[in-house]
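Please find the structures below.
Same chain, two partners: subunit A is paired with subunit B first, then with subunit C.
Our next item is the complex of A and B:
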């Protein structure tokens, strides 16, 4: 079932991705990530001495601060912070720098709400209860690019993708805000990045399953069948491989390649 | 045998999670892992993004340039004294934790001649403006009660002084407490050597070399310090001499101390020389050797 998307994409096509690192002078690591019109800026400070209150001194602690584009900080922002904190805690190696705190600050630069005022008003009437959750996948991608830039020890990277389920039952990858509002259900999935390994695929196993088939986080909204969810997972996983490649390539272009070798 | 077991990713960019070595096929070898690699069961995987490097016979590490520093033994770094305890100075070296510098770790150090690195903490100017009210128009009615406090680490804290003043102003109606806060430079800049660096403890430093001599370590007077990345420091310290330093050294005379933690200190007779050298070094980070020489030549032409 071929669905016509507003911006002309195929159901499996992602929005154009850009990633620039080291954009902030004072932050220890920073990244600006954009997917289509959704732009997020992530800054990492740390590791700094001292753990947070009631933190485990044998592990590093991660602190996330979410800054919305407009408005005050409320429960929504706290929820994003909590989801991000748990996701990033699972990718960071917490035992390498015990008793330290790493702070990650996310600033929403643009929210993919590029509609005219009138449309905005009409939308507002219908959707005042809808959360701005479509920022979450971009936020996770921005945060993991910033952690990479800061040199925080990581087990692997986190790659996030959003999948939406339409009324007709077809799955769309990376929906824009408009598309998302018309959907029956959607899921935000975070996968580990695809690793380059010298081992043959079969031996990279964790408890009998390939490491790449793991999943870090899944946030779902709406009602969907189990089969549709598994379908989303499949599509999401293949798209995450493309995003991992993108991250790897953007990293390669940054590393200068003719510095003298220091012994 | 050794050639077969080298990683296929040497000199390539690696990303966290990449598996670079499989230990199950090398049972009799010893491998030394440097920065950025960890052992995960039977494989060696990458923790940080960067280029994988190999040095004979068996050292692997990931080379990356960051703004923060990971303390390693026998590194020479530039630290700033933050505080003084009974036995140690607390020194900031841009790492995850503060480092300890024992008070005796100086040449000829003993309990009697302890070095003094004064730590000037923040200055607080606070004053009570009394008798300020919109209904008062007389010009003589304003009294200024001004308190100047330079806080020493052993003295009363600035918060207590402020509390005192605040409690005072409650007794005077129509008074304002104005607080002006001047953060000032903290502590001395030291050129030190890292003696101990374990993950779980604060690193330990020393101002002497291995034999106990001072050998250029210690406080750095005058000059100018700037911070950049660890990659720039490594490039400046590489041998043969880094092109930018060579080119600058041919025309100018200056003194320089490079810390592997990303801090660089420059001193020269004229401030203009210091500015020139610092700017040239900061710009040279992203340039190749040839570009660095051209940049320095152009700078010299403009100055002379």
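Our next item is the complex of A and C:
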């Protein structure tokens, strides 16, 4: 069932993406990621000597600092930091530089337009829950582009996508903040990027499924049916393939003899 | 320096995993021959501390865990309603060693202008230093604000409590429920225990009787005043208990290679870091699928297995909850 979206996109269409790397000249790696009106800036400093307190010295540790656009740092920011830390830990090769710390700082530049003052109760409740959550997928994308720019050893990139579930059960990809407020549930999914390989597909499979179909992170809000969630996973996977292509095109075009900034 | 007990491999393993001695002897021989390292000569405790992952993988090969639980089974769960006498609703929940104490205090406040017919719930999760040796006084635990927010999201989005029931006088007075959950012992699967204790506390909650005085202010009245001369009629005479619909219940699983371990202990969580928490409500809808990163990716089969393990667990928890409520009513 085709649903007309406010900005004229089809249900499977993503917002216009732009990714620029190397935007900060002090940071070891940086990236500015924008998805429609959501703009995030990520900076990477590292690897620095010494692990965090109570960190495992046999592995590198990752530290994430989230800076909101306005307001003080509260529980929400701590949660994003924790989710980002665990997601990025799973994509980095932690054993290459043991006993080091890599810091990733995320600054929210714009979070998708102003929130109009809402008249009815449902919307008020949803804004409490969704205040800044729709930043999470863009943040993960920005952070992985920044890690790439810094030259931190990675297994693969993390590609994040948000899926919204309407009342009717149809899935909308990459909803804007306004669309999210009207939805009853949404899911943020992170997948590894797609593999472009000359080997036949069968050899890249793990238990009958492609490597890039495994989900790294999933955060859901709102109540949904189990089948709807599985449906979201399917759509998320196909969207992540499209995003991986975009990342490959935009990041591969960088000049190969960039001087490294560490050391 | 810790002195390890002088124990040999076989009886310790039997004690740990509860299997018969003859079976275990055979398995040990098989295992040590296969791996060929100094595991056979080392004491169990030392091996467990030095090579924790290998220790666990040895057990996973036999589809069992060091505490003799099968992979999909959760720990023993007990619940005690009304643990805090001064609170309006409280519950003490234990899942294995993980202990959570939840208590609700009700307060009258003016409702927000956007929602004049509804009350409010404020949820806070605390991890005092008593719960774990890793938490120091003065430095709040990193997990506490994250769990606090997660609990708030789940309880509000699942709409377990109908906020309209918390209204007293529309536009003027409504209840604010302060739910505080204290972790008394952190031994893994904190979210599961915390959510269960919150649900149990809400089931036990008895809203205090209130009445309006001449100036239009709402004040609490005690039981004697209601039964006695009753100059002031209680405002909420009939509505003292909340009706809970679609209570959410959770199960945390660890994904490790092709194994899925339900209800991990703190030791298991620290060794195998990929966790997935599934929250289902009584009608089988998915309230949350929370997997914050982790080394192992979740394929569709793993997602479906976690959800089916959670379904079984929700049935068990529902029984425990109804039993606890029934016991309370008998008193």
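Here, the second predicted complex is superposed on the first by the 236 of 263 C-alpha atoms of A that agree within 3 Å, B and C clash if a C-alpha of one lies under 4 Å from a C-alpha of the other, contacts with A are read in each partner's own complex, and residues count from 1 in each chain.
By definition in this document, a residue touches a chain if its C-beta (ideal position, glycine included) is under 8 Å from a C-beta of that chain, and two chains touch if they have at least 3 such contacts.
Note that the coordinates shown come from a computational prediction; the quantities given were computed from them, not determined experimentally.
In this overlay on subunit A, subunit B fits alongside subunit C without clashing.
By the touch criterion stated above, A:248 is placed in contact with subunit B alone, subunit C being left untouched. In the superposition on chain A, A:192 makes contact with both subunit B and subunit C.
Legend: residue contacts after superposition of the two complexes on their common chain; A:235 is shown touching neither subunit B nor subunit C. In the superposition on chain A, contact is made by A:28 with subunit B only, not with subunit C.
When the two structures are aligned on the shared chain, A:154 is found in touch with subunit B, with no touch to subunit C. In the superposed model, A:59 lies in contact with neither subunit B nor subunit C. By the document's definition of touching, of the two partners only subunit C reaches A:225; subunit B does not. Remark: in the superposition on chain A the angle formed at subunit A by the CA centres of subunit B and subunit C amounts to 110 degrees, rounded in steps of 10. Touch criterion not met for A:9: it reaches neither subunit B nor subunit C. Taking all C-alpha atoms of subunit B against all those of subunit C in the superposed arrangement, the shortest distance found is 14 Å. Of the residues of subunit A, those at positions 192 touch subunit B in one of the two structures and subunit C in the other. Within the complex, the subunit A residues that touch subunit C are 54, 74-76, 78-79, 82-83, 85-90, 118-119, 121, 124-125, 128-129, 187, 190, 192, 206-207, 209, 211, 213-226, 228-230, 233.
Residue ranges on subunit C touching subunit A, taken from their complex, read 112, 114-115, 118, 134, 142-143, 145-146, 148-150, 153, 156-159, 246, 258, 273-274, 276, 281, 284-301, 303-304, 307.
Listing the residues of subunit A that touch subunit B in their complex gives 28-29, 46-49, 93, 96-100, 148, 150-157, 192-193, 195-199, 203-204, 247-248, 251-252, 255-256, 258-263.
By the touch rule above, subunit B contacts subunit A in their complex via residues 7-9, 13-22, 36, 38, 43, 45, 47-51, 53, 55, 63-64, 66-68, 70, 96-98, 199-200, 231, 234-235, 237-238, 240, 242, 286, 288-289.
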